[in-house]
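Here the chain labels run A, B, C, D, E and F in written order, and each chain numbers its own residues starting at 1.
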Amino acid sequence: MSNDIKMLHTVNKSPFERNSLESCLRLAKDGSAVLLIEDAVYGALLNTSVSDQVAARTGNLRVCVLGADLNARGLADKPLIDGVEIVDYGGFVDLACEHDTVQSWL
Amino acid sequence: MKFGILVNEGPFTHQASDSAYLFAKAAIAKGHEVTRVFFYHDAVNNSNKHSAPQSDDRNLVKLWSELGTEHGVDLVVCVAAALRRGITDDLLAEGFNISGLGQLIEVGIEADRLVTFGD
Amino acid sequence: MADDYDDDDDGPEVVKRFMFVNRKAPYGSIYALESLEVVLISAAFDQDVSVVFMDDGVFQIKKGHDTDGINMKNFSKTYRALDGYDVEKLYVEAESLAARGLTEEDLIVDVEVLSSSALSDLMNSQDVVISA
Amino acid sequence: MKFGILVNEGPFTHQASDSAYLFAKAAIAKGHEVTRVFFYHDAVNNSNKHSAPQSDDRNLVKLWSELGTEHGVDLVVCVAAALRRGITDDLLAEGFNISGLGQLIEVGIEADRLVTFGD
Amino acid sequence: MSNDIKMLHTVNKSPFERNSLESCLRLAKDGSAVLLIEDAVYGALLNTSVSDQVAARTGNLRVCVLGADLNARGLADKPLIDGVEIVDYGGFVDLACEHDTVQSWL
Amino acid sequence: MADDYDDDDDGPEVVKRFMFVNRKAPYGSIYALESLEVVLISAAFDQDVSVVFMDDGVFQIKKGHDTDGINMKNFSKTYRALDGYDVEKLYVEAESLAARGLTEEDLIVDVEVLSSSALSDLMNSQDVVISA
């Protein structure tokens, strides 16, 4: 579309429990950013039953994960999917600024 | 940049209110403006001044109040959602005010970004 | 307490593209009902409003709701009233319908059924996206 | 048969409280006893007497109060969960009382069945 | 196990949104009953992406669905999976009486 | 308001088998923390208590929680204190661990790892099952 804007998608639910990450990945357009926060940070882990689903989009989406939520859940020592960036709350704010619209997948 | 924030859940039960608060603080720390936080659905419970979490836990109602008064953030509690859930003017912590849903659309129009936190 | 409705005259002049995304089933939680209330209010602001039903949100506009047995208000007729508020752009994701064994015939309002990919394009033309 | 009921969610936001109420009514209608309903997590909000839903909507706080007083059902609001969420004695509708989590374990022991409704 | 009791499992979440019905079906023992209430009634429908998962257990589980919740959601006209019984709130109470323990999959 | 803890002496004499089933991730919602509070109280009643971690509940007992960055209380050490309350029967579903890329080494407490089928048998020997 000619009037395309840049979108930041946030997801906050565990991909093992709910379908919100799956729906976000289905609808997020190439070139968009996806930020995993709260219980969605589990979606950034390597070697889980949902890793492949996320890894399949890291080539054409910018996938980020909130470090504070990763650390809270004791995941600092766990390998993440290749290409996933860790950001802090300031980075979350920057992402929101850099994109025209923020959509939350609740 | 001007941010509007929509919070959909009460304090404690879901992390949404915590995340929204930390996002608002980070935005302000970076020199942005948070013009309004709109509390909808169960988020109206964020305004209940009687909330008394354990002493080693965070007190979200107090944190929101402080953010509102220190940084001039308009803390709006949706009147329709509040009525249903028994949040009355008498219960409101400092800095919160009860108003209509129109305030949500208005901040959506006036802010550069609207960011939602919910369940 | 302020009035729930703002006068059109008081509204800001900017026209933004607002999209309301409904992904949750009705009655099991209040999000469907309270989100509909936001859509109705938005109509008073003369913005460019779209409403999307996807995932379990498609169940919100299933025909034939009868809530007598659960003691809750049946608000499904309100979707039919959206037209009267000039909220005319209603979209449904085709994949969500198919996974739930539904077709357009099952829906209480006229909608435009879009593929995920077409819906994705539409989302990427919005200024504000509100979901619950 | 003696039933205990555990409710985990506030009124309106989730159907849990509605389902629990209709289950309790059906059990009593069949001649069973509902000895206690325990309100935990956000379910403590079921006791807020200021809840004022629209006139054509059900009023769950009132329905629970009536069930409690008419059928001698003990309506227990968890003290720890209530403190966090700002539900104080002043807010309690008729028939509700604030007490400890032990009351949940106790009804689990004493009732023939404990049925949980939540999110 | 020698001290086996009879269980009633209740599920109240949509199987399209959450994993609770799937977990319940994985853990429910043959001979148990499963009652679908609230948004879980969608799990009783024929011709959906989760129908097969439920139908695979109707042979060895008693699967019931709450009629009041089906009707509320406008599903009275929709075909249900073979073998699924519709019960009313009184039937829910009876199921709870007939089984020794009630487990809610929230 | 009643005291949060009942004296052992006042408790009923019956001993029932109580199982607490934890299926939700910590911090994203309060269920993990408030459910742990119920388990602790149950210890005062001298019942036969089991605690199960399955689905996202296994994340509750992941090692190394550090909640400084989210301003929430880190309650994971309390699971290690359960032993002192004579709550010793902790079970984890093997399938849940595997799907999440975790092993017993990742857990903060000693648990018995059970297959779905063994866990199913255990559930079917309980008098009261409480989940949140």
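Throughout what follows, contacts are C-beta pairs under 8 Å (C-beta built on N, C-alpha and C of every residue); 3 or more make two chains touch, one makes a residue touch a chain.
Quantities reported herein were computed from a predicted structural model and do not represent experimental measurements.
Listed by label, the chains that touch chain C and also chain D are B, E. Relative to chain B, the chain whose mean Cα position lies farthest away is E. The best fit of Cα atoms from chain A onto chain E calls for a rotation angle of 180°, in steps of 5. When chain centres are defined as mean Cα coordinates, C lies farthest from chain F.
Over half of the residue numbers found at the chain B and chain D interface occur in both copies, marking it as a same-residue contact.
The distance from the centre of chain B to the centre of chain C, each centre being the mean of the chain's C-alpha atoms, comes to 24 Å.
Taking each chain's centre as the average of its CA atoms, chain B and chain D sit 28 Å apart. Of all residues in chain F, those touching 2 or more other chains are 27-30, 55, 70, 72, 128, 131-132, listed in ascending order. In chain E, the residues that reach two or more other chains under the touch definition are 12, 16-17, 19, 38-39, 68, 88, 101-102, 104, 106. Counting partner chains per residue, chain B shows two or more touched chains at residues 8, 12-13, 15, 19, 22, 41, 54, 57, 114, 116, 118-119. Interface note: chains touch in the pairs A-B, A-C, A-E, A-F, B-C, B-D, B-F, C-D, C-E, D-E, D-F, E-F.
Note for the complex: chain F touches chain B at residues 27-30, 70-73. Partner chain A is touched in their complex by these residues of chain B: 1, 3, 8, 15-16, 19, 22-23, 25-27, 29-30, 32, 113-119. The touching residues of chain E, counted against chain C in their complex, run 12-14, 16-17, 38-39, 42, 45-49, 51, 67-69, 71-78, 88.
Residue ranges on chain B touching chain F, taken from their complex, read 12-15, 18-19, 21-22, 54, 56-58, 119. Residue ranges of chain C in contact with chain E, taken from their complex: 24-29, 55-56, 59, 62-70, 72, 74, 76, 99-101.
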